[in-house]
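First chain written, first letter: the chains are A, B, C and D, and each begins at residue 1.
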Amino acid sequence: MGLTSTQTIIVLKEIGKTIEDNKTLLTELDGAIGDGDHGINMNKGFAAVTKKLDNMESEDIGDIFKTVGMTLVVNVGGASGPLYGTAFMKAAAVVSGKQEIDINDFIKIMDEAIQGIKMRGKAVPGDKTMLDALEPAYNALICAVKEKLTTVDALEKVKEAAFEGAKYTKKIAAKKGRASYLGDRSIGHQDPGATSSYLIINTIYETVKKLKD
Amino acid sequence: MGLTSTQTIIVLKEIGKTIEDNKTLLTELDGAIGDGDHGINMNKGFAAVTKKLDNMESEDIGDIFKTVGMTLVVNVGGASGPLYGTAFMKAAAVVSGKQEIDINDFIKIMDEAIQGIKMRGKAVPGDKTMLDALEPAYNALICAVKEKLTTVDALEKVKEAAFEGAKYTKKIAAKKGRASYLGDRSIGHQDPGATSSYLIINTIYETVKKLKD
Amino acid sequence: MKKVINKPESVVSEMLAGMVAAHPEYFKKLENFNVIVRKDAPVLGKVALVSGGGSGHEPSHGGFVGKGMLDAAVAGEVFTSPTPDQVFEAIKAVASDAGVLLIIKNYTGDVMNFEMAQELAQADGIKVDSIVVNDDVAVENSTYTVGRRGIAGTVFVHKIAGAKAEAKGSLSEIKAVAEKVIANTASMGIALTPCIVPAAGKANFTLGEDEMEIGMGIHGEPGTHRDKIKSADEITEHLLTKILGDKPLQPNEEVAVMINGLGATPLMELYVVNSKVNEILQEKGIKVYKTFVGNYMTSLEMAGCSVSILKLDEELKSLLIATADTPAFKAL
Amino acid sequence: MKKVINKPESVVSEMLAGMVAAHPEYFKKLENFNVIVRKDAPVLGKVALVSGGGSGHEPSHGGFVGKGMLDAAVAGEVFTSPTPDQVFEAIKAVASDAGVLLIIKNYTGDVMNFEMAQELAQADGIKVDSIVVNDDVAVENSTYTVGRRGIAGTVFVHKIAGAKAEAKGSLSEIKAVAEKVIANTASMGIALTPCIVPAAGKANFTLGEDEMEIGMGIHGEPGTHRDKIKSADEITEHLLTKILGDKPLQPNEEVAVMINGLGATPLMELYVVNSKVNEILQEKGIKVYKTFVGNYMTSLEMAGCSVSILKLDEELKSLLIATADTPAFKAL
């Protein structure tokens, strides 16, 4: 894979753009089964992140992730702030000091991120949360690397899994988060957090793909 | 004219019916320039009056009017309650003890009623109130009796004058009552109280006409 | 019409039943009359304050019955002033040797019905006087018209006259201080939506998504004129300009401020308005002694608010903050 | 969207500015943080109570900051729980030697953000404990889910824990009595209209003229299910059946009742509901010790209400009526 700090920052800023472009989508998904602010929350957070990332090129990726995590925690609020924030902060630990990361670092990053989200939110896959996009994505990553796919092909499998996972949340009732208050009424609606997780992973794929050719 | 207590009660009950039939009209007129309850108020009052009038045939017309006045005061509230109530109570005085009234009594009745309304409400014709229907009606009555018209013909002139007076309230801005808060915004709308006054007078005409043939 | 009610005909009596059930420590209801009376009435040696009007203004007026404010509140049908017999019963229930003061909002109906009750009480040998509140500066004052309405500023009259009465002031003293409050109070309001009288079942007027009514009364009637919706700051500036234009204030003068919600406007918005009111008064060097923000004089579920400014002197200040204990207005 | 605001981005800060401008005798705002802090904080020897959550629930929570209730309230964006740094600042501002108790409503976001703040404070050597309120019986309680929401019943926790803290109870004593209140409180609400988050500009859901949502939260989300509008009596019966089904009461047991308005529902309707609540409880021989009717925990301009029942014992009774002096909750 081989992503430098500068490239990592490019990816993170692209994620910011994606979130901004999908602000309304995420807010509307949250409106159906939550309180209709997920897009607003996420956009607030990643806008702040994008600002913070200017002139961090010289920093190592661990510091970059820590900054991203802190910035999300301090700016987002709601459920998604602590969750995505914790994800990045935990991930920061496994890449601290690194100026460049490869696909194996990405495995550690996703593993730590998911651990962090589970630790904070006490949810499990099937609860209709972001985990339903992230966990299948992680599993796809493991296989892809076992199968020695190229970074870009591996990431493609990862984002496909995330997409399927997000779509799957339509079929289930929420057990965690606001949507859980709706019980079965939440069935038929795609989870906003799972969707933002997919969008983030897809942006990683798209951007790395561009950077690689 | 010659109206007995029994016939007076018939007339008063007819007035109750008219008010009931025009409840919505009066309420809508009041909605445009007031608080939208004139029809409700009047209907509440005259429904109570109609109940009270049962088995009062033996009473004299003074007592009947007093009862009507008291019943309106106690049941209507708002501006129209004290005004119509006072009108009937004052009128009661000039026919007390009478078992039958003629057109000359009717002059006294209207005169007292108007005095009462002016005393209570401190309004003058041109303020866009019930007086704008009642005062022209009274003047028409005076002329008609001077011209020695039959009771029915006289009452027809009276109700025509009341109708014109009520219509005229469309042209002027209110100076008394809730409509006055609207200032010139009240122009173009017919005054609900003037309208109910016309309806009452018209019902007197219609009913006496029926009773006479 | 979306309301949590049973039948329009019974809404007032059910509301009153719910009020006395909720606040028996403060007041009771007179049997067969829509009158809320202070629990310990009549209070010997204390002038009794009686107010009221149509229902639909809750917490006005029943919510202000208690120690330091009203002795009785008479509730008419929604937006329809109560009848003289009801007011008369209230007077009889609270009248003490010290007399009774009627606090009337300036509406033809209220004035006439309370006046008739006053006549009945006086004929009965009860010492009764009355004052008429007319704080709404949206309406031009003129000797040829009925004049201005009484709106939210009336609550200042209840509070201050109530404190004076609790302090065993005489009927004339209480009337005098109440008149002073009336002379020193100016209010004006706006609305973003109409409201629906239960018995009518529909609104008196309709407003476009981008329209507001300016110079609102509290009976669901239209305002003095209509305008496009403005920002909170622009609305507040407009209201204060009218209010201060009517009752000019000098730097260092002290005032009480009331930001009153008409029913459906959340506290969040009322506080936004207050932040601008405060800013403007500060610029003018006017000192805010006390601020009240909330639903004090409502118009059913109407969205909107009014601003009231009361110019204070030492007497009014001490009476304004004097202890009061009622369901809707407490001062420790 | 019809609101008296300036810009959605600035509504929370302008609201807070208006709050402190209105009530300087009660509290101040922490500079650069959306935190309302009791004027005399930190109060030595007294456990400090910190609550908060998303904005849009006014008077919750800032309106309850003052003597006998909260020491600090943290205001997030509308319906979005505040961030850990904000909560941490609140804790630092009020923390006394006696410690700090966080009163958290059970929402994933609130719980996680307050938890993180608690971790930060503990790392800082501050004695902090927390409790989570979950009084909404509309939501099934289950170990597999996040469980029930905290809604209007939270105000009982603020009042009673606040009184215990004012009486210089220890952190563990206060936590214990707060837990007791939580265990004894059940609430449930309905809504007749949705509400609009300023930043979103439109409602989360739409309701037909003849529809209502049952089992409402306080964040503009849909309820647990939808139904045709019923009469006030039927609605009240339904809510009480669910509440008493969850927390059964025996004859002669004493309770506190709260009829809470969600924002746009007039007091008139809340009192109509209370009259039915009272009737039902009376039939069951349950004694109503104290009733609160008004907008305590709102959801912007949503029309609707919730009913909360708190089972009382002697300790809870005395703490419930103990003196409190805050802008939105006073007890003399």
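Convention: a residue touches a chain if its C-beta (ideal position, glycine included) is under 8 Å from a C-beta of that chain, and two chains touch if they have at least 3 such contacts.
This structure is a prediction, so every number in the text was calculated from the model and none was measured.
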**Request:** Compare the CA centroid of chain D with every other chain's and tell me the farthest one.
**Result:** B
**Complete:** chain C to chain D, mean C-alpha position gap in Å, rounds to 28
**Complete:** Between chain B and chain D, the Cα-mean centres are separated in Å by 55
**Prompt:** Measuring from the mean C-alpha position of chain A to the mean C-alpha position of chain B, what distance in angstrom results?
**Reply:** 77
**Request:** Return the distance between the CA-based centres of chain B and chain C, expressed in whole Å.
**Result:** 33
**Complete:** chain D residues touching 2+ other chains are none
**Asked** By residue number and range, which residues of chain A touch two or more other chains?
**Response** none
**Asked** Mapping chain-to-chain touches, which pattern fits: line, ring, star, complete or other?
**Response** line
**Item:** Pairs of chains in contact (touch as defined earlier), listed by label
**Value:** A-D, B-C, C-D
**Interface residues, chain C side, partner chain B - complex** = 54, 76-85, 107-109, 112-113, 116, 138-140, 144-146, 149, 197, 199-200, 204-205, 215, 217, 219-222, 224-225
**Asked** Tell me, which parts of chain B touch chain C in their complex?
**Response** 27, 31-37, 40-41, 44, 73-83, 120-121, 175-178, 180-183, 185
**Message:** With touch defined as at the start, can you tell me which chain C residues reach chain D in the complex?
**Reply:** 2-6, 11, 14-19, 21-23, 55-56, 58-59, 63, 190, 192-193, 209, 212, 229, 231-233, 235, 257, 259, 263-276, 278, 288, 291-293, 295, 298, 300-301, 303-305, 323, 325, 327-328, 330-332
